[in-house]
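Take a look at these structures.
In the two complexes below, chain A is the common chain; its partner is chain B in one and chain C in the other.
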Partner chain A sequence: MADARAGYDPFATSGAGARTRAKIGVYIVLVLFAAYFLLPLLVVILNSFRQLPEIAQNGLIAWPRSFNLDGWYRAWNNYCVGGTCAGVQGNFYNSLKMTIPATIISTAIGALNGYILSKWRFWGSEVLFAFMTLGVFMPGQIALLPWAFILGTIGLTNSTYGLILVHTVQGLSFTTLFCRNFYVNIPDDLIKAARIDGAGFWRIFWKIILPLSPPILIVTVIWQFTGIWNEFLYGVVFTSGREQPITASLVALSTNGTNVRDYDVMSAAVLIGALPPLLIYFFGGKYFVRGLTQGAIK
Partner chain B sequence: MASIAQDHIIAPPRPFSERLGSFLPQFLLVPSFIASFFYVFIFTAWTLYISLSNSTLLPAYKYAGFVQYVNLWKNARWNIAFSNLFLFSSLYVLGALLIGLLLAIAIDQRVRFESTWRTIYLYPLAVSFVVTGTVWSWLYSPTSGIEFFMHGLGWSSFQFSWITSRDFAIYLVVITAIWQSSGFAMALLLAGLRSVDQDLVKAAQIDGAGVFRTYWRIILPSIRPIFIAVIVVLLQFAIKTFDLVVTLTQGGPGVSTTMPANYVYDLMFQRGQIAQGAAAAVMILSALACVLVPYALWQTWRARREAAHG
Partner chain C sequence: MASLTVRDIRKSFGTVEVLKGVNLEAQSGEFVALVGPSGCGKSTLLAMIAGLETVTHGEIQIGGRTVNSVPPKDRNIAMVFQSYALYPTMTVRQNMLFGMEARGVPKPEREAALKRVSELLQIDQLLNRKPSQLSGGQRQRVAMGRALVRDPDLFLFDEPLSNLDAKLRVDMRMEIKKLHARVGKTTVYVTHDQVEAMTLASRIAVMHKGELQQFDEPQAIYDRPANLFVAGFMGSPSMNFLPGTLGSANGQPAVMLPGANGATVSLPVRLGAVQMQQRPVILGIRPEHISRDGANTNAAGGGLQARLSLPVELVEPTGAETHVVMRLGDREVTARFAPAQAPKAGETVALTLDMSQACVFDAATELAIT
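Right, the complex of A and B next:
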C-alpha cells in the first residue's frame, strides 16, 4: 500500500524505547475507536440471527447462543410496519425504483452540465455555475411546501415517480458541481485540437470527455446513490405506507415503542435498509473517500 | 478594410441550422437552469411568502406581516429547539473534529492495515441517520442495551438512562452524531496531513522540535483551511439534523431534544400550522447563511490573495 511513502516519521529522532511505546499507544487508540465504531454494526448483525427469547433474557449486547434466519424471513415477508404486514420487501423495491433512475438521470445531466460549464464557457456561465451550486446548501425544509404543491398539482403525490423527480432536481447541483470541477482539469488544448479537426459538441463529449470520465462518474454515482437511498425527509413527507422507500418506513420501527420489541426482526429490517449503501461503500470505498475529499482539498 | 469587405463577399451566409447549433451548449443548459432556478429562488421565495401569510392547514396567500415570526419566537418549544441547536452544534463539531484529528494523526504514524482502519472509521457515513438512530436507541435503552449489559457483567448498580432524562438526552444525540461524522473529519484531515510540505516538517525535526511541537506548530497550522472546511460542513449537518432526532429520541423526553428541523416538520405536517412552519424553515435557512456566506467570502478573499501573490 501507500504506507511506504517517505513521509513524516514523528519518532525518527527519538530512542527505540520511546518509539515502541508510542507505537503501542497509537494501536491502542486505533483498536478502541474501532470497537466503538463497530459495536452497533456487530450488535445488529448478531441480533438479526438470534432468537427473541434469548435476546430478551441476555440483552442486545451478548454473544449469540442461538442461530436462525427467522428474523430475516419475517422482516422481508410479513413483519408489520406502519399498519401493513407485508414485511419491508415492498419498501426495499420502492427504494430501488426511486434511487436507480434518480441516480442515473441526475448523473447524466450533471456530466453534460459539467462539460458545458467547463469546456463551452459563454458570457455568464461562471455566474450560472455559482448559482447552480447554491442548491447544494439548501435545507430540505425550505423546499417542502413548494414540492408538496407541485407534486400535488402534477398528480405525483405518494408515488415513487414524484420522489424521482424531487431527487433528480435536487441532485443536479451536486452532480454538476462534481463533474464541472473534474472536467475543468482536462486540458483545453485537447478540446481545441479536436475542434480544429472538425469535431463538434457531441463528438467531443463522446470521444474525449466520456472516456476520461469514469473516475468522476463513479464518485458521483456512489454519492448520489447513498444520498438518495438514505434520504428520509422527503420520503416520509411525500409518501406513506406501502409507497414509502425503506429508509422512511424504518422509522416506524423506532416509534411504535409500546409493544414488545421484536429485536430479531427489527435488526434484520434495519440491515436490509442499510445493506445497499454499505455494500457500495465496502466495494467502492476508495471512490467514496475521493468524492469526500474532492471538494475540500484543492 | 478591403479584407473585411472581401470576407463579407466570400463567406457564404451560415445556414440557420448551424447558427442554431452554435447555441447548443446554452440551449442544453436551459432545463437544468430552470430546475435550479425554481429550486433555489422560487421555492425559497414561496416559503418566505407563506411565512408572511396567515396560512394554517393549507396555503393562504393573504399577507399577514411578521406575526408568524413573532409567534415563533414566543413559542417555548422553538426556543428550546434553537438553544438545542447551539448546544448540539458546538459539542458535535468540537467532538467530531477532535476524534477525527486524533484518528487521522494515529493513522498517519505509518500504521499497518491503514485502509482497514480508515474503512472502519468511515463506514458510518454510508449508513442513514435513520439506521444509526434506531440502533443506538436500542443500545441506550436501559432495559436492553448498555445498562442491561453492565448489570449482566455483575455491576448491578450501574446506571445509564440518559435517554429518559430531559437534561441528558441531548448529549446522547451529540454522541451519536459524533459517531456518525468523526470518520468524515478523519478522512479530510488525513488527506490534509499528507499534503503538508515534508521539507518543512523535516527541518523542524532537525531543529529538535518534539512530536507535539511539530504537530502543533508546523503541521496543524498549515492545514488550517481544511479545519475550516470540515467545521463548515459539520455545522451544515448540525443545522439540518432531523432524522437522527426522530429515530433516536423522537424529540423527547418531552420536547427536550427537539431541533429546529423537527419543529418545522411538526408544525407543517402534524399540527397544520404551515405559516409558522415556513417561518421556522426560513430561520434554518438564515442559520445556514450565517455559516456559509462568511465562508464563501473568506474563500473568495483567499483565492484573490493567492492570485495576487502568484
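Right, the complex of A and C next:
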C-alpha cells in the first residue's frame, strides 16, 4: 500500500538534464494550447470594455486604447432587442427562473431514479435503465415536434414553465445515469443492514443514500445547470421576445436589423450570458472532477 | 430469545438450484455454525433466514412463528455483515441508534441500550467517531454493537471475521465466544473457516453444493464425519485419504492398500461385522493419528494399531508442530509430529497408526461405513 501512495513521476525515466528539457517542452505546448483556447474569451472581454468608435477604427482584434462600461450598461439596461429596449436583464432573469427549478427537479428525480434502479431492482429495471440512457444519445431536435405538440396541448407555449418542463424531462437521462452509476458502487450490504434495522424505502434514501451523495449531486447540478443555461434550441423555438432565455435573446441581439454592429454591447451581452456557468465552473470545477472520479465509499 | 427451525428449504435462482432441501434447527440460546466452501449456499440460507432472500420452497420458523413472508425488519433479528456495513456518514453512536430510531423506540430507552452495549463491548470511547476513523477490529466491534443494541431474538453473522488479519481474527473469535457466553443469544454463524466453526459453535452444519452434509456437535463432526466431503473439509492439514479394498485379515476387518512396488499393505479397522464383504473403500486417517514409533502416542485406549515404514518426501515446520509428508504407494500421507520428533526429508520412518480413530468411506457413495 505504501507504494501506491508514492506519487507517479512520468519524467522519472531519464537523467536530470533530459528531464528538465522534457518538462520545458511540455510546458511550452501547454501554454500554446491554453492561449489558443483562451484567445476568443480574451477578445470578447476586451471588446466589452472598448468604445465602439475605437473598435471600428482599430478592428475587432486589437489591443484596447479606450475603456468604458457603456457596453455593459446598455446591454443590461436599455439596448433594443426585437423592438423592446430593456437590455437583456429580463432574459437573464428568465434563464435563472428556468435553469434553477429545472436543475433542482431533474437532479432530485435523477437521484430517486438512480436509487431505485441500483438498490430496488425489479423485473425489467435493467431494460428500463438501458432505454433511459438512450436519451443521452438522442439529439434534442428529435424531440422538438413532440414537445411543441405537448406544450401546445397543455398551454405552456412561450412560457418559462414550459421550458422548465422540457429541460427537466430532457435532463432525466443524464441525471439518472449519473446517480445510478454512482449508487451502484454503494455496497448492497448497507441497504440490507438498514432493512434489518427496520428502515424502509424513504428512510434509507434520506438517511443513508443522500448523505453519501454530495459528490455526484454536485456533478449532476453543475452538468444540468450549465447544460440548461447554455441550451438554445428549445429557447428559440418555444419562446419569443420577452419570454426568451438569454441564449435565445443573444441571437436576436446579434441579428438586429441596424447597419451598425454594436460590438461593445454584443460582447458585454455575451459575457453576461456566459457568466453564471463560468462562475459555477470556477467555484465548482474541482468538485466536478472529484465527483466524477471518486467512488461512493472512501 | 428464540429457537430457529429451517424445514426443507429450497432456493432457485432461475434454473439454478442453490439450496436443495435443507433442514436445520437451533435451540434457544444455541450457537450454530454454517460452514462450507464458497458457493455451497450457506450465505443464501442466512439471507433467507434474515428475510433478504425469498424462500422458493420450505419453511423458516423463528420462535415457533413461520416467517417466510415476514419482512426483515419484523423478524426481530440482527445481522453482522462481512463488510460490517456500517453507515459511513454516521458516527458510531448514530450507527447504533439507527435501528431503534427506525422502530420508534423512546429516547431514554435508546440511550440506556446504547450505554449498556457500548460498555459491554468497550466501544464507549468511540461513540463520536465515523467508521472510517476506526480500525478493523473496532469496526467489527461496532457492527456487533449495532446488532446487540436492539436486543434481537436471533443473531446472524455472515463471515464476520474474514476481513481481519490473522491475529486479530483469533482475538475477535474469542471475543465472540465470550460475548455469546454472556448474552446467550441464539446465533447462526456463517463461515468458510472450519476452525472458526469448530471453536465457536455448539453445533456445526456442514454444507456442500446446496445440501446439508452433516449437522452435529463439533467433536462428533471431526471424529465421525458422515461422508468424504465433511472428512476432507474439517481439519487442517486435512485427513489423508487412501483408496483401497475392504476385506479381512486374521478374521478382523481390514483395508488393503496398494503399497510401494506392487506390495499390499493391510491395515486393520474397527467396523461392524456386517460390513465385511469385499468392496472398494477409501480409508481416512487424520495426520495427528500417525506417530513415530517410540514417541508418546496420545492414542490412549485405542488399542487398534498398525505399523508402517514410509519414506519422507517433505517436511513443513510450523513452529508448534511439524507437518511431514510421506509416500505410501502412489499416495501422499501427511502426519503432524512434535518438532523434536520430526524426521528429515529422504529418511524412512517407522510409524504407528492409531486405527481406532480411522474412518472408512464407501468409494462409490462416499458415505462413512461404521
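Keep in mind that, in the parts below, the second predicted complex is superposed on the first by the 260 of 298 C-alpha atoms of A that agree within 3 Å, B and C clash if a C-alpha of one lies under 4 Å from a C-alpha of the other, contacts with A are read in each partner's own complex, and residues count from 1 in each chain.
By definition in this document, a residue touches a chain if its C-beta (ideal position, glycine included) is under 8 Å from a C-beta of that chain, and two chains touch if they have at least 3 such contacts.
These numbers come from a predicted model, not from an experiment.
Undergrad: Thinking of the overlay built on chain A, is A:V251 touched by chain B (first), by chain C (second), by both, or by neither?
TA: Once the two structures are laid over each other on A, A:V251 reaches chain B alone.
Undergrad: Between chain B and chain C, which one contacts more residues of chain A in the superposed model?
TA: Comparing chain B with chain C, the partner touching more chain A residues is B.
Undergrad: Looking at A:P187, would you say it contacts chain B, chain C, both, or neither? Reply first, second, both or neither.
TA: In the superposition, A:P187 touches chain C alone.
Undergrad: Report for A:M138: first if it touches chain B alone, second if chain C alone, otherwise both or neither.
TA: It touches chain B, and chain C stays clear.
Undergrad: When the two structures are overlaid on chain A, which partner does A:K23 contact: first (chain B), second (chain C), both, or neither?
TA: A:K23: touches chain B, not chain C.
Undergrad: Under the stated touch criterion, which partner chain does A:I208 make contact with: chain B (first), chain C (second), both, or neither?
TA: So A:I208 only meets chain C here.
Undergrad: Which partner does A:W63 reach: the first (chain B), the second (chain C), both, or neither?
TA: Once the two structures are laid over each other on A, A:W63 reaches no partner at all.
Undergrad: Counting contacts the way the document defines them, which residues of chain A are shared by the two interfaces, the one with chain B and the one with chain C?
TA: On chain A, the residues that contact chain B in one structure and chain C in the other are 200, 297.
Undergrad: State the interface residues of chain B toward chain A in the complex, per the touch definition above.
TA: Where chain B meets chain A, its residues are 21, 24-26, 28-29, 31-33, 35-40, 42-44, 46-47, 50, 59, 99, 102-103, 106-112, 114-115, 117-139, 144-146, 148-149, 152, 179, 183-184, 187-188, 191-196, 198, 201-202, 205, 208, 211, 214-215, 219, 226, 229-230, 233, 236, 239-240, 242-243, 246-248, 250, 261, 264-265, 268-269, 274, 277-278, 280-282, 284-285, 288, 292.
Undergrad: Would you mind writing out the residues of chain A in touch with chain B in their complex?
TA: Those residues of chain A that touch chain B are 1-3, 5-14, 22-23, 26-27, 29-30, 33-34, 36-41, 43-44, 55, 58-62, 109, 112-113, 116-117, 120, 122, 128, 131-132, 134-135, 137-147, 149, 169-170, 172-173, 176, 200-201, 226, 229-233, 237, 247-248, 250-251, 253-255, 261, 263, 266, 270, 273-274, 277-278, 280-282, 285, 288-289, 292-293, 295-297.
Undergrad: Touching residues of chain A toward chain C in the complex: what are they?
TA: 187, 189-190, 192-200, 203, 207-208, 211-212, 297-298
Undergrad: How about chain C: which of its residues touch chain A in the complex?
TA: 47, 50-52, 71-73, 77-79, 81-83, 85, 87-90, 98-99, 102-103, 132, 146, 150
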